[in-house]
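See the structures that follow.
Both of the next two complexes hold chain A, though its partner changes from chain B to chain C.
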Partner chain A sequence: MTRNTDTGDDSGDAVTDGGVAEEGQRSGFSPVAALNERFGSDFVESSQFWLPPFLLVGLFVYGAIIWNLLISLTDFTGFGTPDYSDLDFQMYSRALADSGFVDAAINTFILLVGFTLVTLALGLGLAILIDRNIRFENTFRTIYLLPMSLSFVVTAQFWAWMFNFNNGVINIVITSLGLGRVDWIGNPDIVLWAVMFALMWQFAGYAMVVFLAGLRAIPNEHYEAAKVDGASTVRMYWRVIIPQLKGSTISASVVLMVFALKAFDFLYSLVGGYRPPNGADILATKMVREAYANLNWAYASAVAITLFVMTLGIVGPYLYYQYNRGNL
Partner chain B sequence: MSNDARTDGGTVTEADPGASAGLLSGLDAYRVLLYLGLLGMLTFFLIPIESGLVTSFKTPSGVSGSLPFAPPTGGTFTFEKWRAAFDALGRGLINSALYAIPATVISALLGSFTAYGLTQSNWKQKYKAPVLALLVAGVFIPYQAVLVPLSQFWSMIPLQEWLGFLWALGINNDYASVIELIITHVAYGLPICTVLFRSYYKNMSEEMIEAARLDGASIRRIYRRIVLPLSGPMFAVVLIYQFTQIWNDLLFTLVLVQTESSAAAPIVLILAGLGTSLEGQDFALRMAGAFIAALPTLAVYIAFGEEFAEGVAT
Partner chain C sequence: MGTLELDGVTKVFPDGDGEVVAVDDVDIEMRDGEFLVVVGPSGCGKSTTLRMVAGLETISSGEIRLAGQRVNDVKPQHRDIAMVFQSYALYPHMTVEGNMAFGLEESTELSDEEIETRVADAAETMGIAELLDRKPADLSGGQRQRVALGRAIVRDPEVFLMDEPLSNLDAKLRSEMRTELQRLQDELDVTTMYVTHDQTEAMTMGDRIAILNAGELQQVATPLECYHEPANRFVAGFIGDPSMNFFPVERDDETLVADVFDYPLSAPTLDDVGAVTDLTLGVRPEDIALAGDSSGEHTFSTVVEVVEPMGDENTVYLRFADAPEGETFIATVGGLQQVSAGDEITVEIPEETIHLFDGVSGEAVHNREIDE
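And then the complex of A and B:
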């Protein structure tokens, strides 16, 4: 039905179409009027704007996720096409028995939580510094946010050099402090923290921008009231200001966690291949490696579904929270 | 930019000349510490970039024999790596632009359409809400969850046959992946574009649109005559955000183009494998390549920093 109106009013005369349909209602049954009756007066007419994009997103996002779920239930490997006649959960039990998968899941969790916490903390610190009535505010803010405009592929090049064993900036600084060199990328116990540090560098500016908007929304009286009460600056922030940043913290956390789940680009570019450094494999890299290097399509799909469920666990409550606050 | 120009005068530690005498005497340890903190963070954010920049101009002996953040001196200075990086990445610059620019424009336009249809039109909130929720949730989807179906989908579409007329013109048939990348990026970029435009349209003046509706203007006419002309600032935000995202993305290029030897290989795909070989790593080359790949987004960021900040903060 809606299809017809979509293609029908290419001439741009949406008005006459709607008019005709409403008149038609009196003389007999009209599908357009029936749809508008059910969904609201503009439903059919506005659908030319939102329905085609919505169908595109529906197909590529939700259609693909359902398809992915189906593939994860098959035994699809190598070249050819999946066989959908024999569906079972074999790939999921295989994942649970695969120590590589369990390690990747643990690493994903550590990266998710650690990265989000340190980035929020640094971002909040930056926002408070910027908000202290400083000069050159724009310049500072622009530079702090700059890494965010760079590709993961680009920042991975910079940090591969920063973490270089012999001549990287980090090791030069550390040795000048009298400590020994550290093999940041090569040591499986350390590499994940090194990656976290680099990602924090890239995204702290984002957290800063979100917190800064939150800080600026707090009325000046709150600062003054705390001053009058004789609270120190630290105490004022801790007791009065930071508790009011709940909304900013939640939105920034969700976005940062989603970025952490997507850290694939960074890890791939760090080594220029599907196999990240030992100790830094996360679900995102494992999924792509299983699919495009090993051609284990069904298994990769099962890993992908795990990743998707993790995301849903974070984003679902967030969307529900936003919906309840009427922000959706 | 005008603010930046203003800040060029004077040094950072200088006291505010406009401050009253009371404030000047208040320039105490606290203020000094504040600016020290700000400058320390400035160093932290700039050192990886600065170190990359100076390294890209060094000869191999300069790279191994000097401090990573020290500028190249006489004998160790060279443009060689920039030339080599440009030779390797030049075609990638064009290939990336071929899909990044159309995908940016199309996704911004469609995002504006979608947000308008879901905001400035009267239909029941009860039915609008799930449509919106599905679109907003699309922003957060990890792309890994759709990769295998995406590969399957594009392998089922006979794009090579449909575009036969292009290959007949002498265009390398690797360029079919450009079309795939455009459609893919539009589909996955639409949710964020919609969310950005929706936040803007929600705050748009209702009266003007109501008045136009009372005059009998169609939804399409209202969009063309009122909403679209007023959307300029938001288009700037969305176009900048989307361009940066699409230009910077590696995952889809890896899956859809697959190999850097493809004639249509985007710049990020070539850069990801640049300067790494079995013999060791050529960091000067990798740094020069990183800057070439970053130039377009850096230029956009420097020119439109405000809009970029607005895009990421929403």
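And then the complex of A and C:
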């Protein structure tokens, strides 16, 4: 129930916890009047507009999540129907004992943090450079943003070609410089970083646009005042400009982190299957593999719930921050 | 020490294929501790001039010397100046104290305690000591204005630059701050260059006024000199509210001939005029007096078109009896004088109060007499 309200805030309208209160208020002698008093004068009258989408989203999104949680508590595998009579946390303890799961969780975390930080830094750098009244500003902006418009599948495909051990352009460049070939995809110690690099290439443009919007909102006088106050360019950015980008940083990081959790499409396309290269398995690929390759439905559901909790861990504080600032 | 010299300073902006001269060959010398107000209509180049002094705009040609040192190529952070911006430009993520300390932290090697003391002192001077922990967003316009000034004075610079610092305040606060700024500048005795488009600020605050128009310096003089002895027609019209009345006239021997009136001149005035025949006659509204009868040489019968009572005085829009409707000039008369629209009254334009300008160049050829 708590989760239901939490995630309900996501949609950001007055509907969110209406369902909860409906139960509690039913004891009143006049339910319509009581509801209207509690939620505003037209709560019942306007229900024909918000109630259908509310019920649909509630059933197919939040209902499905709860169902998923239930399945994760069963031992459901193979064909047939799940048995709901015997619910326990066995799948979760199995996950903790499964080194594949732990590795995937660690990889997910590294990808989440590493990818987000590097992409933010790169996006900020690009935004600052582009904001300095350069020539062909719009052209550069479009070029940097372009990768964002590509589908994960396309990006994965051509980074797979570029990372190719024998014919990939990266190894060709490296060997022409007299260095040895690197097995970008095959080496489990490197592959995660190679994936991170490709994702960063795709998303740095997005971070740049968010930061650019933030930079444009800062009046010119702040730069000038800082200069007159004696700050060097680096100090000016560090102390006056970048701190004012707090809002942009938070929104960009939330989006980037959520994308990092969903990097499934990228890894799936990289190898064309559920089994990513060794060393690059993340919870999302693990979940799909357990479900559709191994038919371990309950176990996959447990992985899914873990992933869901991680997402909440990211989005929750952001929503709380926005709520505190009065934006929700 | 804080002298500031502008020597033939010119700023040219590229504009498409051509160029726009924003500031044209401006010479100003400010002595240490002087309060100079740079005034002019929008787009006259006054802000550009200030920004060149600050180092925020490059100088196309000419030289700026600060305390005797040429600073053309010195970056703003290395010129010893503090600037107050029209929008205040307070850093929103820092407290008032952080805002005030920032300049000292960046431009000096002072210890944290020393900075704290100086910030506290400056805050005391500005009467914002109790606001030090607040963020700019929590302050009123007047308080922000004080913080912006405090941020400048805490630096103790050679020169203050102020870019229309009072224009975002309401009228009452503005006149309060005007007095306070003067007191402050007097107390600190720091050379100050103050840009404004408001001629009241120019008249009341400055030791001297520099009047710019279309990038060209028109006159640098004390406020009263600018008022009573304008160098040209532009200055005469810009300083003073309501502004001076101008009548195009032709000199015919000893008389100035306009469309609807003749104005005889005396010998001393004629000497000033010399050989110029195409002239503009200027007279300030307060110098036009109501005359009892039309016997004098310089009396004219007029019709009152509009009266704007201001309480202490009436602003009266007059029309010469022979002039077409709408062609008015302004006179101010005492608030208790009974004048109403449609009245026919006789006014006198005393010869000692008139200004004469060259009709072509606008240069003053004769200014009013001043009783010493």
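The working rule: the second predicted complex is superposed on the first by the 284 of 328 C-alpha atoms of A that agree within 3 Å, B and C clash if a C-alpha of one lies under 4 Å from a C-alpha of the other, contacts with A are read in each partner's own complex, and residues count from 1 in each chain.
Quick note on the criterion: contacts are C-beta pairs under 8 Å (C-beta built on N, C-alpha and C of every residue); 3 or more make two chains touch, one makes a residue touch a chain.
Values in this document were obtained by computation on a predicted structure and should not be read as measured data.
After overlaying the two complexes on the shared chain, residue contacts for A:Ser232 are found with chain C alone; chain B is out of touch. Legend: residue contacts after superposition of the two complexes on their common chain; A:Asn164 is shown touching chain B, with no touch to chain C. In the superposition on chain A, contact of A:Ile190 is made with neither chain B nor chain C.
Legend: residue contacts after superposition of the two complexes on their common chain; A:Ala64 is shown touching chain B, with no touch to chain C.
Contacts of A:Glu224 after superposition on the shared chain: chain C is touched, whereas chain B is not. Legend: residue contacts after superposition of the two complexes on their common chain; A:Pro243 is shown touching chain C, with no touch to chain B.
Contacts of A:Arg135 after superposition on the shared chain: chain B is touched, whereas chain C is not. By the touch criterion stated above, A:Ser151 is placed in contact with chain B alone, chain C being left untouched.
No residue of chain A is contacted both by chain B in one complex and by chain C in the other.
Chain contact summary for the complex, chain C toward chain A: residues 54-56, 75-78, 81-83, 85-87, 89, 91-93, 102-103, 106-108, 151, 155, 161. Listed in rising order, the residues of chain A touching chain C in the complex are 219, 221-222, 224-232, 235, 239-240, 243-244, 246. If you check the complex, the residues on chain B that touch chain A are 3-4, 7, 12, 16, 34-35, 37-38, 41-42, 44-49, 51-52, 55, 63-64, 67-69, 110-111, 113-114, 116-118, 121-124, 127, 129, 131-138, 140-153, 184, 186-188, 190-191, 194, 216-221, 223, 244, 247-251, 254-255, 258, 268, 271-274, 276, 281, 283, 286-287, 289-291, 293-294, 297-298, 300-301, 305, 308-309, 312-313. Taken in their complex, chain A has these residues touching chain B: 9, 12-15, 18, 36, 39-43, 45-54, 56-65, 67-68, 71, 81-82, 126, 129-130, 132, 134-136, 138-162, 164, 166-169, 172, 201, 205-206, 209-210, 213, 254, 258, 261-262, 264-265, 268-269, 271-273, 283-284, 287-288, 291-292, 297, 300-301, 303-305, 307-308, 311, 314-315, 319, 322-323, 328.
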